[in-house]
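Taking it in order: structure first as C-alpha cells, then the write-up.
The first chain written gets the first letter, and so on, giving A, B, C and D; residue counts start at 1 in each chain.
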Amino acid sequence: MDKLQIRNFIATRVAKEFHNGDVVNLGIGLPTAVANFIPKDIKIHLQSENGLIGLGPQPNEDDIDYDITNAGGQPVTLIEGGMYFDSSTSFGIIRGGHVDVTVLGSLQVDQTGSLANWIIPGKMVPGMGGAMDLVTGAKKVIIAMTHTNNGKPKILEKCTLPLTAKNQVNLIITEMGVMEIREGKIHLLEYNPLFTFEEIQEATQATLVIDHPIKMDMEV
Amino acid sequence: MKEIIKIDDLKFHVFDGMSIMVGGFMAVGTPEFLIDELVQLGVKNLTIICNDAGFVDRGVGKLIVNGQVHKLIASHIGLNPEAGRLMSEGLMECELIPQGTLIERIRCGGSGLGGFLTPTGIGTIVEEGKKIIQSEGKDYILELPLRADLALIEGTTVDQFGNVLYTKTTRNFNPVMATATDKVIVGARKMIESIDPDCVMTPHIFVDYMIMGGQ
Amino acid sequence: MKEIIKIDDLKFHVFDGMSIMVGGFMAVGTPEFLIDELVQLGVKNLTIICNDAGFVDRGVGKLIVNGQVHKLIASHIGLNPEAGRLMSEGLMECELIPQGTLIERIRCGGSGLGGFLTPTGIGTIVEEGKKIIQSEGKDYILELPLRADLALIEGTTVDQFGNVLYTKTTRNFNPVMATATDKVIVGARKMIESIDPDCVMTPHIFVDYMIMGGQ
Amino acid sequence: MDKLQIRNFIATRVAKEFHNGDVVNLGIGLPTAVANFIPKDIKIHLQSENGLIGLGPQPNEDDIDYDITNAGGQPVTLIEGGMYFDSSTSFGIIRGGHVDVTVLGSLQVDQTGSLANWIIPGKMVPGMGGAMDLVTGAKKVIIAMTHTNNGKPKILEKCTLPLTAKNQVNLIITEMGVMEIREGKIHLLEYNPLFTFEEIQEATQATLVIDHPIKMDMEV
C-alpha cells in the first residue's frame, strides 16, 4: 500500500468505531481524514476544541467565512443543529467525559496505554494544545497512525518520549491491525492479511497478545 | 454607558513590563487592529497570555516577531516558527500549558477561586513542581489562578452599554479573559443600540473601554 | 435529533433511592409539570439537589411535603416551612451549602474537575470536616464535585436537535445541572426548528430526552 | 424615630456610599429598601444573585412577568442595558470581586469584621443562600441594621452566633451612626445627633473608637 492507501485504509477502519450520536473529536493530520469515511447510516457530532459542535465539510473558496475555523485554524462550516461556545465550555465538555471518542496520531504508544505525541527532545516543542485534556477526558481514545516510523517501532513496552498522558489509550489502529489495550497488554483484535503475525510482531516492540484475531476488511 | 475611546488612546493603557491577555485561537477572535497599535507603540517586556503564538504576521505573533514579548504563556506555538526560535535561543520565556488548564486557570482568576484539581497532565512533565492532591482514589494536579493587568478582547458586536457578543468561533478565550484582568479593552467591529438581555456573552460590568474599528 | 417522549414515559427514568438535580431558583426555572408527575408516581427516598426547598406548593417543595425526599442538598430552605420541620424532626436529611459553592460543585461534577478552592465559608462551620489548603498566603476550602443520576431541566425553547434556550432568570442552575448527571430530561415550553448557533445555552449533546408541556 | 423612619434613615445613608457605575447587591429586608434612596445623579448596577444585572423597580400588578424575579423570589423588572446569566456566572461575578458593594442585614457583627446572620441556635435554620459568597467576594461589605435587637447589643467584641464570614465587614450603618471596621477596631465616623456618644457606646458591646465623628445628615 502506498502512503495515501495506508491513510485511507486506517481512516476507514477508525470510522467504523463510531456509533450513532457519538460526540467525536478528531486530531489534526490523519485523524481529520476520518471524517470522510463515516458510514452513511451513522450520524456523529464532530467537536472542535476551539468552540463548536457540528463541524461540517470545508467550504468552497468562495464561501469561506474566516470567523469559523477548526482547531487546526482551517476554515470550516457548521452543520444544521450545531452550535458555538467558549473555550471554558469546550474543555468542560472534553474533560467532563462528554466526548465519546477522540482520535489522535502519536509518536509512541505503550502497553499501559500511555502515549507520547508532543515532544521530540532536541527538536522544537510546539506545545500540547488541547491534546492532554482530550486524551484524559474522552471516554474512548483511539490512536490512528502508521505502525512504525521508517521501520522503527512506535508501539512499545514503555514510552521513551515525554508523555502526553498516562494509561489513557484504548485502541490503536494502524495499517497492520487493530489493537486493544487491556490490563497492561496489547491485544491484536484484527490484522491486515497483507502481513503475517510475525511481521506485525516484528514491527511492534511490545509483545502482542495474538488470540484468534480476525481479518480486517480491505475495502476502502 | 462605557467609554468609547480612540485607537490613539490605547497608549494611555499600556506600559513596558505589563501582562496582557489576548483573546483568539490561531488569531481568530484576536483584535488585530489593537495588536497593530501595540506594535506601533513598541511597548516592551510584555507577558502575553494567549491560547497560542499566532502566526508571524497575524495575532500576537506580530508582537513576538517584533521582540516585544518577554514571556509567553500559551498552549502551543507551532504555527509561529519565530516563537519557537526565540524560545529555544532563550530570547523569550515560554510557559506551555494544556489548553483546558489554561482557560480554567483564567476562569479561576476571574471568579475568585484559589485553584482547581484537574486530571490533565498527571504522569507528565506538566505535574512537575506542582502539588498533587488525591481525592476519591484519583490523583489530580492543583492548578492555580491566572490574572493579568489588561485584556484585549475582540467583540463582534457591542451595545452602547458595553455588553458584548462574539460571533462563531471568534468567542474562544475572549469572554473568560474579560473577567480576569484589572482592565478590559474591547476592540469592536460593530455597535448596536442594545443586545438581547438573554444573549449577552460579556456583561458590560467587565468592560472598561471600547475601541471601534475591528474588521 | 433527541427523542421526544411523553410525560407518561417519565416513569421509565425514575426509581426509588435515586439522586435528582432539579433546576430553578425559588421554583422559577423549575419544570413544574415534571415535578407534578414525580408526585403522581410516588418515587421515594430521593436525594434532591436544588438551589432551595421551593414552596410547600411549588417546585421541589411538593416532593418534600409529599415525603418523597430522603435527603435535600440546597443553599436555603427558608420559604418552605415544611422542609424546616422535616429537617428538625430528623425526617429529612438536609445538607446546606453556600449557593456559589453549590453551583460550582455541580460545574466541577460536569466538567471533569476533581474539586476547587474557595474562600467562601472559611472561618465558619462550612469548613468543618473539609480539607483547608493554603495558597499564596490565603486559606481556601477544598470543595468536591457533585453529580447525580438525573437532571430535570426547564427549557423555555428547544429546537428539534435538542438545543436549549432559557428565558430571563429561569436560567439559574439549569444549564450547569444539565452537564452533571447521567441522564438529562428537559421539560420544554416551546419547540422551534433551530436555535441560533451563537445563542444556544445548553448544547444538544447534554440532552437525553425532551418532554413538551411546560408553562 | 419610629420603625419606618429608622428604616428610611438607614437606607438613605447607605445609598450615599455608592459611586457612579458601582455594581451593587442588596440583601433582602432593609437593604432592599436602599434602592429607593439612591441619589439622582448616581447610576449603579444592581446585581441579583439568581442571575441578572440591571434590576429595575417592581412591576405593576398587570405587568408582572413571573420569569423575572430577584433573589428574594419577588417579580422585578430589568432596566435597559441589563442582562441575564446563569448561577455559575453569577457567583463568578460575586466571588471574583466584580461586585463593588454588598449591603446586608445581620444578627451580630464584631470588631474583627466577622458577622453572623444565618443561624440562631435552637431555631429553624433557613440556610445561608448566597450570603457567604457575597460577603466573602464583594469589594465592600456594608451591614445595614438596627443598632440593637430590643435593646440587646448586636455590635460585639466577638460574635457568639455561628459566623457567616470572618473579617469581611467594612462598614456598619445603623440608626445611631456610621461605623468603620479598621484593624480590629470599630471607629464611629458619623453619629445621629438624637443620641449622645454615651448612649451609642451603651448600645454597643464592643468599645468604639470615637475620634471627632461628624453629625449624620438627618434629611431623608
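To be clear about the criterion, a residue touches a chain if its C-beta (ideal position, glycine included) is under 8 Å from a C-beta of that chain, and two chains touch if they have at least 3 such contacts.
Keep in mind it's a predicted model, so treat the numbers as computed, not measured.
S.K.: Could you tell me which pair, B-D or A-B, is linked by more C-beta pairs in contact?
M.R.: Between the chain pairs A-B and B-D, A-B carries more contacts.
S.K.: Just give me the whole-number Å value for how far the CA centre of chain C lies from that of chain D.
M.R.: Spacing between the chain centres: roughly 29 Å.
S.K.: Any idea how many Å lie between the Cα centroids of chain B and chain D?
M.R.: 35
S.K.: Quick one: chain B and chain C, Cα centre-to-centre, how many Å?
M.R.: Distance between chain centres: 33 Å.
S.K.: Which residue numbers or ranges of chain A touch two or more of the other chains?
M.R.: Answer for chain A, listing residues that touch two or more other chains: 52, 78, 84-85, 91, 94-95, 136-137.
S.K.: At least two other chains touched by the same residue of chain C: list those residues.
M.R.: Where chain C meets two or more other chains at a single residue, that happens at 104, 107, 112-113, 118-119, 166-168, 171, 197-198.
S.K.: Sort the chain contact graph into one of these: line, ring, star, complete or other.
M.R.: Here the contact pattern is something else, fitting no line, ring, star or complete shape.
S.K.: Please list each pair of chains that are touching.
M.R.: Chain pairs that touch: A-B, A-C, B-C, B-D, C-D.
S.K.: Would you pull the chain B residues touching chain C in the complex into a rising list?
M.R.: Touch residues, chain B against chain C: 104, 108, 112-119, 133, 135-136, 138, 140, 142, 144, 165-168, 171, 197-199.
S.K.: Under the touch definition given earlier, write down the residues of chain B that touch chain D in their complex.
M.R.: 107, 110-113, 159-161, 163, 179, 194-195, 197-198, 200, 203-206
S.K.: Touching residues of chain A toward chain C in the complex: what are they?
M.R.: Residues in contact with chain C: 23, 45, 52-54, 78, 80-85, 91-98, 136-137.
S.K.: So in the complex, which bits of chain C are touching chain D?
M.R.: For chain C paired with chain D, touching residues are 25-28, 51-52, 74-79, 81, 84, 87-88, 96, 98-101, 103-104, 107, 118-126, 156, 166-176, 201.
S.K.: Given the complex with chain B, which residues does chain A contribute to the contact?
M.R.: 48-52, 65-69, 71, 73, 78, 84-88, 90-91, 94-95, 114, 124-133, 136-137, 162-167
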